[in-house]
Every structure is written in structure tokens, then in C-alpha cells.
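Right, I'll just put the structure down here and ask away after.
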Amino acid sequence: MARLFDRSLSVDVCACGVSHGQGFACAEEAPRDGTGELGQAVNEAAIRAVFPQAATRRAMLTTFGAGTLLAAIEGFLPLQNAREAMAQATGAPEKRDLKIGFIPITCATPIIMADPMGFYRRHGLNVEVIRTAGWAVIRDRSIAREFDAAHMLAPMPVAMSLGVGVAAPIPWAVAAVENINGQAITLANKHRDKRNPADWRGFRFAVPFDFSIHNYLLRAYVAEAGIDPDRDIQIRSVPPPEMVANLRADNIDGFLGPDPFNQRAVFDGVGFIHLLTKELWDGHPCCAFAVPRSMIQETPNTFAALLRAIVEATVHSNAQANRREVAAAISGPNYLNQPLTVVEQVLTGTFADGLGQVRRVPDRIGFDPFPWHSMAIWILTQMRRWGQLTREVDYRAVAEQTFLALDAGRAMRELGIPVPDTTMRSVTILGKTFDPTQPEAYLASQTIRRN
Amino acid sequence: MNTQVSAWRAALLSLTILALFLGAWEIAVIPPAATGPALDPEYAALLGQAAAQGQQTPIPPPSAIAVRLVELLSDPFHQRGTNDQGIGIQIAWSLWRVMAGFLLAAAVAIPLGFVIGMSPLLNAALNPFIQVLRPVSPLAWMPLALYTIQDSSISSIFVIFICSVWPMLLNTAFGVASVRREWLNVARTLEAGRWRTAMRVILPAAAPTILTGMRISIGIAWLVIVAAEMLVGGTGIGYWVWNQWNNLSIADIVIAILMIGLVGLALDRLLGLIASAVAWQE
Amino acid sequence: MGNKIVSVEGIARRFPGLTVFQDVWFGVERGEFVCLVGHSGCGKTTILNILAGLDEPSGGVVLVDGREITGPSLDRAVIFQGHALMPWLTAEQNVAFAVSCRNPSWPKHRVGDAAREALSRVGLTSAADRKPSQLSGGMKQRVGIARALSVAPKLLLMDEPFSALDALTRGSLQEEVSRLVTDAGQTAFMITHDVDEAILLADRILLMTNGPEARVAEVVHNHLPRPRTRADLHHMAGYHPLRDHIMDFLITRSRSLAGAAPADYDARNPPAVHLGG
């Protein structure tokens, strides 16, 4: 978080001169020149250098605001160059030995395959990828700094920064999206004839976590069919491997969960794939490569190198030609620990659907690192919709601080990957258009909601 | 009537029961003949063996488990990556944590139990706390530990400590408080002094009860570590179970259960040996 | 009078609503063997515990060698009714424990020698390395005796030491104790309800009335000559009157005299009777 002041000062006055809640930095984050968080670090250093006395600095910021001060400073210091150089961050990483936690699902493919396929090494990092027991544990171990970075569900850093579901707000960010699509709604075999969600009254569903795209997509999907997800069906949080076991034991009727467990359900003759989430929102974010915001200030070179490695791995995984090789690299006991054919079916998109058909959907799962701000805004609207977030928020500000589109874009540009020229785009979700610049209107248009 | 049981006959009966059980299991999981229309061969190739025949993947039979057991035991100490280590290594990790937590618990419980046993006032004062904390499950302590200690390995050891400290504490207190008055009087009339009385009279007198407490505690500690490792993961036999659960590999889980049971048995036997060394008869 | 080791002066034991005994006075002279005889409930075990320092009187004092006692002491060794041996130690180790308590600075081998010597005095050399569970009742009590004597106490206190044994063992142990105590000139105080035992062992026998409000009704001086053996005792002239007198007391007078003392009763000087001479 971009705090310039010691905690010993009680007022939360930051570089922007406006007081704001913990977990978030100023509204005027991320310089508009596209240098992102790394560029912001330069701004802070500059203001500190010019006003070394904390009391004076605070007084100046309160009176003039950060923007004015920076403009003045830029008159005699070449901050633009410094920001560019900082964002390049081709300096040697401060810390080479890193630990990254992951959950063994295909969403984390880039994080995982970067190990055996050498992407971390290529960027001068010695990374140990550690298989973790569950989302809560990965969150706790990340907060405890046992992990330097982690595989998280995309809404988790948003929730953590807002202080939802954690004891105190703690600034976390999505540095890159791991995968898009790649989930499915799987139902028990006995529901072969119940393909219409309107018939799902009384069903019990499982999702991996409360703060997950799975939860939001499932709720949105059934809500479209007129089912109230809190009243007409049951939704439980269940760890993904237990989803298949629960389906088999008839504890749940279906789940919206990550692969390879949808495919595993088919493989074990327990269920069938009703719907790929790609059909609900093509290009929806799922899992993320998440870092604490402090990493960007404390070890900027490491952050930059790691981000480059991840982005490169993500793009490599996305190429259809590489999918088989990637599947072979990650399905062994050290990583996913699943039968090779299950992982292959997920990554290549040629799969058995559990109803007797072989389907071919090559982009069943995609790997696209760009963390669109519009994704974050949709997540926020859904958090508000279902009462997970009860206060008003500045959608744009939160999105900018939790989905680091500018930094990811920078890394992509350096690797020669085409970068979108905006961070916001309208998308079609469940047949309706979502305009990220009008979140409140979108929220108001949803008929079934809690607030 | 011959009340002495011949060890051979008991062993024979045990083996027969086991053979019957395993035999019944082997037969019970044989899948019935394939049902339903023939499947497209390309489709069938993408499914597991049972699903290709219209069934659900069954629980593996004992024969399959035996094969897997041999496989695992043939290379128990392999290390092919952070997340892929042999079952021998996982058990070693769990044992290390159990020992650390258990010994720490003993180091706290036995002296504290001693003091409580000798002071009825302290006994009455501390009893409410003990009774409230004792029944708390390790699964409830773990999140609290992770939150405050913030290190998953130390948290596991702490959880073992907090769950295994109670039997030793209570048994030590009880053992110390129930030392025969007579022996204490002997020590008094011999002007033995507090330390000498504690070490030479009370401790040996209470030792069998203390050892019973320790035996119960080691059982609990072993139980707890498996649960704790399933929650936290990383290394250990509990983590291994969770990992195989992820892969829905029932054979491995059954083997893990067997290993857990055998190690638990060994630990109990070990403490039983120590207990018989300090036992006394009137 | 001047040779008194122990002087019991006016001790009492009271509980709320109950007086077990009060105003009890007696003394034990150096080398003397005193027995206290009475029924259960007269407080004789309590008196012994007070003498041992294991219990505190509700009133009065006990002086040993002119100094008031404040608790248990090695000078007043106890032989308990149940042998009170520590079952995790061998016979030798049990005695050695006492020896090392008395002589904390002695090295191990010296302690061991003294322990074995004490055991040999009670004839248990062969059983030195056995644990109490491997010894008979009589042998266990002998170890207890050895233990008490090994600390060379000023006063040997015995709490019905033979009552838990069978009749035959009792007999041989009584003689042994008699020999050990008189040979060494050991001062001893014993409580018992066995008349023959008292006559065999004691120089003076204190007769206590029944409780509550028990008192020393009489002091019987036993003038039967020593050495006394079980075989010859009942042949000695003066034996039967002595025995009858004590039996009468135990059967009849302990009860009839129970309760408040008569007006002319002097607690410091209970009536004395000389018999057996």
C-alpha cells in the first residue's frame, strides 16, 4: 500500500492528501503514464526526498494534494524517466528463492508448469511451488508470509483488501489472471433429464469458496432462471476433490467447480458436464496470481521478474500446440496428481461429456494474463448483490488497486505480447451486456438480490 | 475350565477373521457385467475403466491395495519434488512433529501436574480451566494457532501440545494426590525433606499413573497430527492422505490408514514397555 | 523421674462436638518399654501419632529430652501397622532409604552396608534383594522393624505392629522385638489391644478407658522378670493375676469407667498398680 507515513501518525493521510480506509491506497494511484505500481513507487520516493520531515510532508500534502506537489517536483526532477526505468525493473531480483502456494487444479496451470518447464529459472528465480490444502490455508499462509505469492481465486484479493472475510483489511492484488473459462457445472447422473435450471428447486450445490467466481456465476445463472440462490437452493463451500466424492455419495446434486474435477466426475462415472462456464461468460476470470501489495514496494525487481515469468508461462500455456506437453508436465504426483487423460481432456478441449458424446471445445480453458479492471468491477457488483459487501465502494478505485492491469500490461509489452489499450471493456454475461462504467445501474437491473 | 488362552489359537482365529473379511471385500467389489448400450470406442477411451462399462469407479479390492502397498514400500524414501515424497519420509515428518509436541506437553504437564497434585488449593483453582479446555477438538485449535503463530509447522506442533497435555496433566495430578498417606508418613518420620520426598517417594509411587497418562497422550497426539496435517498440508502422513484424497485414490488412503494404525500401535507399545519398567506391585 | 526421655503433659484431642481425650499425662523413661492398651476409639492411635509428630494435639505438649516437639523426627522412629514399605524398592533399598535420610552425607556403599547390617539383625539377609511383593507378611514387618531401628532413634514408636499378622508369625516377631529392644536398651512405646503382647513386652502398661473423653484409668507396673519368652511366660508366678487384672479392665472397667473422671482422679498421677512381682 502506498503509505508514506509511519503508523505512529494517527491520521490516514496519504500521498493523495485524502484520508481513506486501510487496505487501500489513494484514489490517485498508478500514474497515468502506464508505469503502474512500480511507477508509483518513484512518486512516493520523490515526495519523501523533497520533504524528509514527516510533519512538513503531511502539512504540504494536506494543503496541496499529491497531484500538485508531483507536478511541481516534476519541474526540476525527471520523474517520468525514473518511473519508466523503475517499471522496466531489469535490475537483479532482490530475493531469488521464492515459495508460491497453489491448489492442485488446472486453473493454476501457468503457475505450476512454470516450474518443470523452466520459466522461473529463465528469469533468474528459484521458485518452489507448494501444494496447499485449501483456499483458507493458502490465504493464511500468504498473510503469514510463508508464501511470497500464491494462486488465489480472483475475488480473494479484492475481499482481503476490503476487509471482507478477514480480521482486518490487508492490501492484496491480482498481478495477473491465471486462467479464463475452464470451469463447468457438473450434475449427478440421475439428473440427466433436469437440464433446465428452473427445475433445480431444492437442489444442493457445491462451490469451492464463498469468494469465488464459481459462487457468483452459479448464483447469476440460477437467478436468471428465476431461482433465488439463498432460498430455493442450497450452496455449500466444499474443497474440489470432495465435490466428486460428495456427488458420488449423493450429498450434493451438482457443483460449479474447477477442473480437473468436472472431468474426473465423468471419468469415474459419477456425473456429467451440464454446462461449461465459457457459455455463461466467455473470458471470465477464474483464478489469479496474487501478491501482497507490499511486495511491489519492498522487492520491485523480484516482483517484475516473477510477473514476467508468469505472463510468459501463461501465454505459452494458452497456445493450443503446447497443451498436450503442458498436460504431461503438470499431471504427475508432484503437481496435480491426477490421471494424465483427465488433465489432457481439460487442456486440449477434446473430452467426454458424461452423456455419451465426445465434444471438441479447444478453448474450454484459456490462459490470458491481463487483469481487466472491468472483471474486478463485475466481482464487486456481485459481492454487493449477495450481501458480502454491505458498504458503498468506489468501484473504479478498488478495481485499479486490486487488479494491476497496468503492471501486467507492462510485462506483456516487454515480452512482445499485444496489450489491450484500455483496462475496461463491456462484456456479455448471461446474455446481458455488462457496462463496467455503470456498475450501479447493472446492479439495479438484477431482479434477485439481497441488498 | 482352562482360563488361559493359547496364544496360537487366538492368532489363528484373528487370521481367519481377517481372511474372511478380505475375501468378502474382494468379492463385493467385483463389478457386475457391463450394462447399457455399447459406447463409441473413442468416447470409451476417454473414460475410466468402470465408467466405460456404465458403472462408477468402485472401491479397490484388497488385491489391488496389496499391489499398491508393495509399490509404495519398494521406494519409501524417494524425493521427486517438494510435493512428491515417499511414504517413509511423510511418516518421519509426522513422527518428528508428534515427538516435539508430545515431549513439550510432557515437560509442561508432569511438573505442573505434580504441583497441582500436591496442592488441593491449586487443584481446585485450576480445575475449571482444565475442564473447559480439555474437550476442545484439535480442528478448533488449528485456525486459532495459525492466526496467532502464523507458521504452519509450529502451529501443528502447538495443536499436538494443547491436545495431548491434558491426560498427562490430570493423571499426574491424580497420581500424586493419591500417593498412600502411609508412605508420606514414613518420609515425614524419616525427616526426608520436600525434594527427597518428591523424587524418591511421590514420583515412583505416582509413576504408573503418570505413564498411563502418557500412553493416552501419545495416542491422542498421533491422532491429532493426522488431522492437523490434513488441514495445513505440506508434509506428513496426514497431508499424504489428503493428497491421495485429491486424486480420489482410495487404495492409497487405505494404505495410509494401515500405516497410521501400525505406527500408532508401535508408539503405544513403546510407552507400554516404559510403563512396565516403572510398575510396582504390592 | 529425671531419667525421662518423653514427657507427655496434658495432651488433648478435640473435634467440634467431640472430645476424644483430654488432660493425658505420662512419661517414658530411658530404656523403658511402655504399652498403651485400650479399645478402638479411645484415641490410642492418635496419641501415638502425636508422639510421632504426625498429628498435633488440641492442647498440651509433648517434651522429648526436655524440648517440645514440633513435628516428625528421626529421633522418634515409627513402625507402622501395615508395614508401609515402598513396593518399588527392595528390602535393602527400603532400609537404605532410612539410613540415607539419617546420614545424608554417607556414600552409597556405606549406606548399603548399614542397611544390610540392620536386615541381618532381624534375620533377613537372604531376602535383601527381594521386593515387598515377594515377601511374606512377617518378613515385611521385619523389614519395617529393621528400617526403624536402622536410624538409631531415641524413641521407637509402634502402632499395633503385629495385629495384621497371623498368630504364629506374631508370636515369633514379638519375641524378636523383645530381644532387639531390650538388648539394645531401646526406649519403646507401643499401642496394642493384645493383652499377652503387652505382658510379654512392656515394663509399664497404661490402661485407657473407652472414648469419648477417654483417660488413662490406671498404670500397671509389670514386675515379671526378664528375659520373658512365650514358652515360659504363662508359667511365671504372678502372670495370671496380671493377666486377669488387665482382662477385667478391658472387658468390664474400660466401659464402666468411661466418661467423666471421678472427683478424686488426678490426671498427672493416675492410680498405679504393681503386679507380676
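Per-chain residue numbering starts at 1, and chain names A, B and C are given in the order in which the chains are listed.
The working rule: a residue touches a chain if its C-beta (ideal position, glycine included) is under 8 Å from a C-beta of that chain, and two chains touch if they have at least 3 such contacts.
Here the structure is a predicted model, which means the values were calculated and not measured.
Farthest chain from chain C (centres taken as the mean of C-alpha atoms): A.
Relative to the centroid of every protein C-alpha atom shown, the closest chain centre, again from C-alpha atoms, is found for B. Separating the centre of chain A from that of chain B, both taken as means of CA atoms, is a distance of 39 Å.
Between chain B and chain C, the centres computed from C-alpha atoms are 55 Å apart. Distance from the chain A centre to the chain C centre is 89 Å, each centre being the mean of its Cα atoms. Of all residues in chain A, those touching chain B in their complex are 104, 128-134, 136-137, 140-141, 143-146, 167, 240-242, 244-245, 248, 264, 266-270, 332-335, 337-339, 341, 345, 350-352, 356-358.
Those residues of chain C lying in contact with chain B across their complex are 52-54, 71-74, 76-78, 80, 82, 84, 86-89, 97-98, 101-102, 131-133, 151.
Per the touch definition, chain B reaches chain C in the complex via residues 180, 182-183, 185-186, 188-192, 196, 200-201, 204-205, 207, 278, 280-282. On the side of chain B, the complex with chain A involves touching residues 39-40, 42-43, 46-48, 50-51, 54-57, 80-84, 143, 146-147, 150-152, 230-234, 239, 242-248.
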